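Taking it in order: structure first as structure tokens, then the write-up.
Chain nomenclature is as follows: A, B, C, D and E, assigned in order of appearance, with residue numbering initiated at 1 for each chain independently.
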């Protein structure tokens, strides 16, 4: 039961980056296309799940004082691994995400989960937490990327989806559009969650 | 000399670290509600980013490259930055308590600020020499602070504006950053 | 004291494990990384400069030594042959020269007579709007059909028009292409 | 016992001081602005035909519809009557080329109203000039549509000014300064050149601007400091190198300079309200405009200059005269 | 003597004044005499219910230096001592006197004692005993302005301004500041000899101080007054016809070039005392005739009165009684304003007594009492352009509206002189002055 709860909370109550307003930079930077959003989300999920796992395994062994430092090393190792793997097997995505792959290491969501959840919970729960939050993040980024891709280039996952004479709203794929779009989504989330009775 | 001027203009205005390069958004949006905190954070970022830029440059060219460990850049840089922030914090606390009081609470926030790591990585990717690294790191951090102060001054007006309640707070701040970025597009081309 | 030792030991263990694992991953991914680089960075350029072939130039790539550098190490060049019915029609290989900012890497396609079948810019860091226009077809298309003698600025009797405002970048490309063409006689022996 | 307050009499009306108020209302300000824009619109119609009028009507209708829609969605009082949406729509049309397709104008105006203004709560709450926000979104999204120009064809009287085929600033940018040497300044002043509907005819815009000043809808601070600083900055560079930099007066007479100074940079709510703040604002607008015109990626810098200075407005409002009775408190 | 400085302000619509007449209002049937001024400081009653009192008889007093004694304004019987609403709707302990219709005065009054042989201290004692009150804000007994001030409790450290200087300039404020006010101009004309005496008394009270008589720009000094003034060392200051020149903080600045150090300074801090021209007359009566303040010159306008009229009204007369007695009023007023049109308070009821702080009453009929529907500030800046305190009223009003009082304090809310100009010019008809007063009140309670 609680595994399910830990897993599903990442899809609404703690959906990053909308609920936990963290990890904004990749959210804004790579979501010019749904595909990039998906890639970024998956890379982040990879790091999140494995760092949660390892932190949970080691949680009894690591002394409090070097806690943060150890977590950073663990997270950074998986980030480097993700970098190398992307480079080796998904090169276009590696290029598209650019500097934001190494920056996964400072994504506050990951350190936040390690510190707030994995360091206090058993392995299974930590995995569920990491997977849930990671997939929530992935979905958010993919949706945001999808919206921006459709409006900003008339495509979705690279396929034309608008009518032929549609002129894309290039604003959406530029930096200002990223902020504005995320702002509007946050506002809409507020409206929706207000309609949904809190439980 | 002219090259450095262009580097500075580019880092502050044309490719502003937050408004165009999407780095450091979490503290940017998190700490810009009030002017005084924005200024404090800005100062802390200028200080740490410049220092971190220099040290990571040395780490890259004096340690990683000779040893063929370029692939460990991310892990090395983040450790350097985290320790640097710790040291700065301890140093300030002991030696310049006044400054520590002003900047202290912002320092821990900086470790997980992707602007710091981001600028350090850009310095290497752009293959800047040491002097360029110093100038670029400093100017980027100044650009960060400038954007932060502007956003804070705009946000200070929001509590008394009739913003629809669903948009009050983070959403409108985000939209405002968007419009700020839109305005900054006006600098496009200045350095080219 | 025990605590301190435990802290140091734990950190040390984590760091060492991390280092070992990463160096293993680094080794394990070396080959695929190289392949991906060729596939995604060089192959588009190869396709752009070669035409009319039925083989896979990347698979059939050959490494050639073309002389030695100052320290006596061999300079190697990777040549991608375009074949039709087993006969080499043209070859592609790359060369680099300094542009306004930094190295410009150019892939050239050369026919058996030493005439360019096309060029393609692979990497560069020129100024957007100025030097970066070297990647545009309007610029690169001028090179098709040129040989070593005509690969010069129009002002110097060649057939390449300068991009206005980007003389350095233009010259950089010409230098790189020229360097490639100078190596052609040597390469030709091994390929055609 | 006697009552302190007798309720047997009709209750008195109670309201807060002051008990008299000046007649000026927001509608008054808005409709006067609208009136001041009429000469520029007429000039646009005269030079570019009735397409200009059509575009203006489309933009105004869109603005009103979007404001009504947003106010409806947010469940707020309709303030259409005060005319601010009409001003917004008309201004948007006036800074568009007469060739702009109707849907571009619709999208741009909608962006202006929704993103530029209503999302902040409407008139007076928005930090950036809403018209320019809409324009900037359209400009970076639909570059081609927003920068297609037609030659002026005066409806009667004048002969079409045929000396240049695109707006003067574009000519300076693309063909260099010397191309403009023979251009009759009169054409530039009355608007017989390609350009946007409401900015080509400097004379008509000036009439509107002077009307605003005379009716005290705006003060002199921003327009004067804007134009003066741009001119002086232009003068310096013209003196340094007249081969590269045109006569500063040409810069004043071309592009959005005058409309920007009188109508866009004086937009209520997005500009400073203190006198020193307004003057710094104007100077900033003038300088940034010229910097972008000389060295920037956009041909005309007025819009971005004003947007950038809008961002500085809250800081500029801190530049204020010493308040009455303020003394330095020591200890 | 001209302006020492310029100030922001507005030209208000001119008003017609039936100068210089000051009529006596009919004797009221009963009066309600509040036992204090300014809300919280109240005297103790020294009479009891049922007691007979004469006009001018002391009915309340206090040890508090800042509270003026209260005297009966008619002769008759005390019917009650109980709380009654004052102008601003606060309850204030009041003495209610039913008239016997005779208006018989205490004997010792009405003796013209003269003042030429009195010492300053004696003058002050007489002034204090007469209960003369200078209208604020804040209202205070007139004697408090000239008495050697007690050192302020919390010492303030003000750069460049010595603390609590001895008074070196006395300004007689003869400017009718707002529409609806005409008493001062009328007093200057009608009581010219009292004004001259008043100036002489002031000179005795504060020795070497310079005395300035400030008058409206159009209200040229009438010939009787200029005759009286001849030979007196007094300077006449003619202001320009711009509101709020008549408000003390601005008047002081224009006459002396000095500013009252706000937020918690006052006139004395800069060595200035401002005396209302009408109050000056009461001062003269107090020390020359030993006559306590039992009357007030009140300007009355509106509801069919085409020009502002001035009446000498017995203190404590209920507004309702005034309405019934005023033949000039036509139609039932739907709104009654105590004070001028800019800063006055609209009354909830007409059962409110005229007090020492009432200088004008405006009666508005249904057509005159306009209502405004305010909306959000559009940041047009009109208020900023006109604020004489050089504040940003737009910002302040929003802070007060959204209960951000500390922010308002930091942006100098307490420097607002409550002139009401911001509200007068606001195109959105925002209740600016009200918001300022509200914010100040919240801050004072905090």
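Criterion: a residue touches a chain if its C-beta (ideal position, glycine included) is under 8 Å from a C-beta of that chain, and two chains touch if they have at least 3 such contacts.
Just so we're clear, the structure is a prediction, and the values are computed from it rather than from any experiment.
Student: State which chains count as neighbours of chain B and simultaneously of chain D.
Tutor: Common contact partners of chain B and chain D, which must touch each of the two, are A, E.
Student: By CA centroids, point me to the most central chain in this structure.
Tutor: D
Student: If you tally the C-beta contacts for B-E and for A-C, which one comes out higher?
Tutor: Of B-E and A-C, more C-beta pairs in contact link A-C.
Student: Would you kindly say which chain has the C-alpha centre located farthest from the C-alpha centre of chain E?
Tutor: The most distant chain relative to chain E turns out to be C.
Student: Give, as an integer number of Å, the spacing between the C-alpha centres of chain C and chain B.
Tutor: Averaging C-alpha atoms per chain gives centres 34 Å apart.
Student: Can you work out the whole-Å distance between the CA centroids of chain A and chain D?
Tutor: About 41 Å, centre to centre.
Student: Once you find the CA centre of chain A and the CA centre of chain B, what distance in Å lies between them?
Tutor: Taking the mean C-alpha position of each chain, the two centres sit 22 Å apart.
Student: Hey, how far is the Cα centre of chain A from the one of chain E, in Å?
Tutor: That gives a centre separation of 68 Å.
Student: Out of chain D, which residues touch more than one other chain, so two or more?
Tutor: 115, 119, 121-122, 125, 137, 140, 297
Student: Multi-chain contacts in chain C: which residues touch at least two other chains?
Tutor: Those would be 18, 22, 26, 129.
Student: Residues of chain E that contact two or more other chains, please.
Tutor: Where chain E meets two or more other chains at a single residue, that happens at 376, 395.
Student: Tell me, which pairs of chains are in touch?
Tutor: Pairs of chains that touch one another: A-B, A-C, A-D, B-C, B-D, B-E, D-E.
Student: Looking at the complex, which residues from chain A come into contact with chain C?
Tutor: Counting only chain A, the residues touching chain C are 58, 61-63, 65-66, 69-70, 73-74, 76-77, 80-81, 84-85, 87-89, 91-92, 95.
Student: If we count contacts the way the header does, which residues on chain A are in touch with chain D in the complex?
Tutor: 167-172, 174, 176, 180, 187
Student: Can you list the chain C residues touching chain B in their complex?
Tutor: Against chain B, the touching part of chain C is residues 18-19, 22, 26, 102, 125, 127-130.
Student: Could you list, by residue number, the parts of chain C that touch chain A in their complex?
Tutor: Result: residues 3, 6-7, 10-11, 14-15, 18, 21-22, 25-26, 29, 32-33, 36-37, 39-40 of chain C touch chain A.
Student: Quick one: which bits of chain B touch chain A in the complex? Just the residue numbers, please.
Tutor: 19-26, 29-30, 71-75, 78-79, 82, 111-114, 116-118, 121-122, 125, 164, 166-167, 170-179, 181-182, 185
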